[in-house]
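Each of the next two complexes has subunit A plus one more chain, namely subunit B in the first and subunit C in the second.
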Partner chain A sequence: MTVPGTDISVKDVIVGSTTELLATFTVSASATGGNHAVTVKAKGQTSDNSVTFFVQIPTKIRRDSISALQNETGGCGATKTLNYSLLDQAGVVISEDLTVDEVLSDFTSDPSGLQQPDPKHPPANAGHLVDEVGYRIPTCPPPFTISLTQKFTVTVGQTTYNLTTTNSVSYGRDASGNKFVTVTNTTP
Partner chain B sequence: MRNLKSLTICFAIGLVIAVSGQTTQIAKPSIDETLERSLGGNEVDYSSTTDAFHKSLGRIGMAGGSVRILDCNGDYFKQAWSPLNKTLRQALDTIVENDPRYRWQVADGVINLLPAAGEPAFLKTRIVEFRAENITLAMDTVTPLLKLPEVQKAMDDLNLKPGIAGFITSPSRKPFSVECKGMTLRQALNAIVRAQGRGVWGYVETHCYQQNEVIITF
Partner chain C sequence: MYRTSNFAPNRFRLAGVLVSVLLLTAFYIVATVRRLPTIVNAANHSGAGHSISNLASSALPQSDKPHTMAATYYSFQGNLKASINLNNKGLVPLEVTPTLFNLAGERLEVPAVTVGATTFQVFDLAEWAGPGGPTFQQGSLQLFYRGRDMLLGAQIKIVDSASSVIFDEQLGEPEAMFTSRLEGLWWRPDHDSQVSIAISNTTDSIVEGSLVRDNKDPKQNGSNELILQPHQTVLIDPALDSFDRPAVMHETGGLSINHSGKPGALIARAMIQNPLIGFSSAVQFADPGKAKSSRLHGAGLRLGEIAGEDLTPMLVARNTGDETAVLHGRIRYIKKDGGGGVTLLREVKLRAGEVKAWQLNEISKPQGAGVESAGLELDYSTQTGSVVVSALSVSKSGNQVFQVPMLDVSAQKSSTGAYPFYMYGTSSTVVYIKNTTSVEQKYIAHLNYEGGNYRMGLKRLAPGETVTIDIRALRDKQILDDEDQTIPLDVGHGQVRWTLIQSEGTDPLALIGRAEQVDEVKGISSTYACQNCCGDFFQESYVTPSSVTGTAGDSVTMSAFELHSDCYGYTYPMEQSASWSSSDAAAATVSGGLVTLIDAGQTTITATWISYTSVPSQCGGSGFNPGPIGGCCSAASFFRSASGTVAVKPHLSSISPARGLPGVEYGVTIKGKGFELPHL
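Here is the complex of A and B:
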């Protein structure tokens, strides 16, 4: 059993049944994404290329849901919960357990001088990622607004992939005391 | 005379899971083993020192915490962070070599990044008792911690006020509990991330004109 090129090596081929072969595929870190033809040779005959091995490339995260605003119990904060799925280049969920790195930029605050949140590195378990976005504070502060851009990367082995998803995040409290958390999602 | 440390009790319960009616302790790698793990990744970023620390720990899911002291000028120092071919230990050593204002240490089973000049007095506040049960979001411990009488007294004594703790974070998949008695605030933060399993806390103390502010995030 072979896969043309150097992206994927095949070893430990064994016969599972009269209609099944089992093998271990090792994918290089630099493998090209998409379908790779798998060829089987037996007794002088070569199979057609109808069987393929698909190399997934982490490409974007899809926002599956966003909760209503949740007030902090015992304090004056507020949060929203967002559920995401990590997708490959074909829009299929990547079911591996991977770590997503969040990249925060374009931070602004009103009044100026408020602190930017630390970027986090949440696990995407079986392709499912949960984010809590908002703020905590024991007593209600004066009106404020914090805005930033949130992007994502995923590292597999030694390769880091920049995802195409961008969130515009804003949270704060207005002059009437209304708390808000908005997350505007752009996923090309 | 009994050592004060012997009075410190903390139960991190998050690592115990029940399987088919039996209780199983999850075997975790030692800190030394974790420090020798390769980070993975090939990017080069320009990050603040604490961001570089958080990224290094986050890349392999190691728990820890960082301390940052700021003045009116903020912290504009950026350093190149590159995980390629680096173990966690090498990455941490590189971070503090690039920014000697900081040192890292293993404390309470996690990794802390502290000012080389010393730990802030507020983090040495001794907590009589703190308990959080069956939580999934470590951020939910911040307000209860800051509302403890001994913590509020320390804030008053040090002329500190809580700031707005903004966060984008991921809840734990499994609820965890933590109970702390007679430990310092830093030890309590370490106990919380240890119970959570992979969290990293951040402590920012800002002194600017008459504003002296503390923010704790997970």
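Here is the complex of A and C:
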């Protein structure tokens, strides 16, 4: 069994039958994303066709849904729940269990001096992850607004991939006591 | 009168003639493109085709043997038009140098013409003779070329279309004659029909001889002394001209020529015509020395009706020997409904010197109407060459005349043919091939025309059977050939070639053939028969496809072929019935040519068969007449084999998982076919 190049190495090939082969593919950490042709040679004859093994590069998360504003009961707070899928460079879900790391920046608050939230690390189970955006505090404070930029990374092995998805997040409570959470997705 | 000094002034090299010839050439030339065998691999597998091409001229030993062919007479006087058809059977253009002689024997050298490869060209003799002036409006003709024997076929046609009169003459080589004796006969359908005899001296020397008129009434017999100057042609009315006594011409009669020159020094033909009824008939004089047996065969006897007129088949025979000859004849026919039969003809006795004409009434008109093709056979009891015969079918009005050359099969050169075919206006070509033996025979025939060819494949002829190949019908009905091709509807002319495919123990001269050019509307027909110098021979063997690539479960049919060649290098494939084997049955098996791909690997598929063919390189050059390839070669049985390769490749259908991340290891399953199991 052959995969040209050094991106994928093949070992432990087992011929299960004349119609089935088993093998171990090791994808190099630096493998080029995309299709890699796989051919088979038997009795000196190379297969008349090839199948492709696609190396997925984590590229972005796709927002699949966003919930309505959820008022926190027993305190003061408001949240929205967002469901995401982790996608590769071709827009295909990466069906693996990985952890997505949240990266927050551009934090501003009104009034100033409010505390910046800690970044979270939601798991992506089989490529699907859930995030919750908003605030949850014991008593309602005076009117306030917090704005920040939310980005994501994924680490596979020793390699961290910066995802292209960016959310502009704003949440708080206005002078009339209305709570709000807005998440504007700007995934290219 | 022969005058040496007259030769030089009559040599013409006129550009006008050349221009006319070129114009005709442009119209008739046929550039033959040979079709390569189609390589088809099952399931679109790639496969290398076996390349077939005609042998380059250099692949066969070259021959620059000189040949001179002669025609007795041409004329374009009055309403007559005279043309000559030059049929080149070779693979390269052929230069032909014509020379015309007027009646007095004066010479007119015509610029050489080049006839395209494997095609024919028709030239107007008035164009050739024009520079010679009025005295060259009639005369004789010779052609010179270099090459293999019988490479060139040639036929003169003298036609008066308005009167439905045609006299055709196929040119031969005078040097091929055996004796200085010529025997002919005449048959007139009525008293108004005129008989004229043309006798031509083919040599540069004076030839003396005699023409004897053998009339039905001995008292009417007469003789005429002949003194022919070099290349002089004389036209003689046997009733009047110069005989020691004039005669009342009977319905039939005989003509004998004996001369002092070498064999072939004089050639002669009789022309019988009655323009009022459109009757015409040409009689070629026979050289009795050529005969090798006392059996004659005629291919393609017309029966039934044509253009609304009943045809009457008849025979005219003359006993030139000293004893009474007893004639027995048969008509073998194939009906349109596929049945066949043999009609025995009544016994006819011919006294020494007697000439008889009789209708073949044994085959009834209703019987004749249902006949698709027929052949004629005639045996005579006296020594070989002692009976000359003319066979023909004549319509009631006399307007339609179909002559059937009666051939001594044993005296033929080969069982092959290469004829022009022509289908313009109301004129069509029909080819007849007759099995002259009492056992089944096989032949193969094909048509060459501009842009392609049409292969009729291997055909069988029952004992005595004559097959009729109507080329216009093949074209117009778009009948598929052996390779599922049709003749394009715009094809109007070309060359038809056929050859006997020998089997062990069969006669190499088993088949005869001819082409008949017929214009029913104009009431004119002519016959053409030109053989090759030798029978065809084996060139190489191969299988096709020669290389197959596929995957397990695929199948492909391989076919075994021999490449045969005629003595001019024209090649064609012959499919063979073979036994098949595979060198690695684990990779692919084969049965009856059907190859089934089993598992990955490569195997050689071999076809073997017994071939009964000629192989010139194994003839040793002995026992053959001088020919193009060291002489004609007898056929023998040979063990043949040919191989092709089959590569069976694995084929992949799926991989799972089909995606993965960098830096991760996956257990992958690939499904497909043709994976090699480990040998434990």
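The definition used in the following text is that the second predicted complex is superposed on the first by the 186 of 188 C-alpha atoms of A that agree within 3 Å, B and C clash if a C-alpha of one lies under 4 Å from a C-alpha of the other, contacts with A are read in each partner's own complex, and residues count from 1 in each chain.
Simple rule for what comes next: a residue touches a chain if its C-beta (ideal position, glycine included) is under 8 Å from a C-beta of that chain, and two chains touch if they have at least 3 such contacts.
The structure displayed is predicted, hence computed values, not measured ones.
Superposition model on subunit A: subunit B and subunit C are shown accommodated side by side without a clash. By the touch criterion stated above, A:41 is placed in contact with subunit C alone, subunit B being left untouched. With both structures placed on the common chain, the touch criterion links A:159 to subunit B and to subunit C. Contact with subunit B, but none with subunit C, is seen for A:133 once the two complexes are overlaid on the shared chain. Judged by the touch definition given at the top, the superposed model places A:186 against neither subunit B nor subunit C. By the touch criterion defined above, A:52 reaches subunit C but does not reach subunit B. With subunit A as vertex, the superposed Cα centres of subunit B and subunit C define an angle of 160 degrees, given in steps of 10.
When both complexes are overlaid on chain A, the residue A:30 reaches subunit C alone and has no touch with subunit B. Superposition on the common chain places the nearest Cα atoms of subunit B and subunit C 11 Å from each other. Within subunit A, the residues touched by subunit B in the first complex and by subunit C in the second are 156-159.
Against subunit C, in their complex, subunit A makes its touches with residues 1, 15, 17-31, 33, 38-58, 88, 92, 94-96, 156-159. The touching residues of subunit C, counted against subunit A in their complex, run 549-552, 587, 599-602, 647-655, 658-678.
Those residues of subunit B that touch subunit A in the complex are listed here as 40-43, 50-51, 54-55, 57-59, 61, 74, 84, 137, 139-140, 142-144, 146-147, 162-171, 173, 198, 200, 202, 204, 206, 208, 215, 217. Within the complex formed with subunit B, the subunit A residues making contact are 72-75, 77, 79, 81, 99, 101-102, 104, 113-123, 125, 129-139, 141, 144, 146, 150, 153, 155-160, 169, 171.
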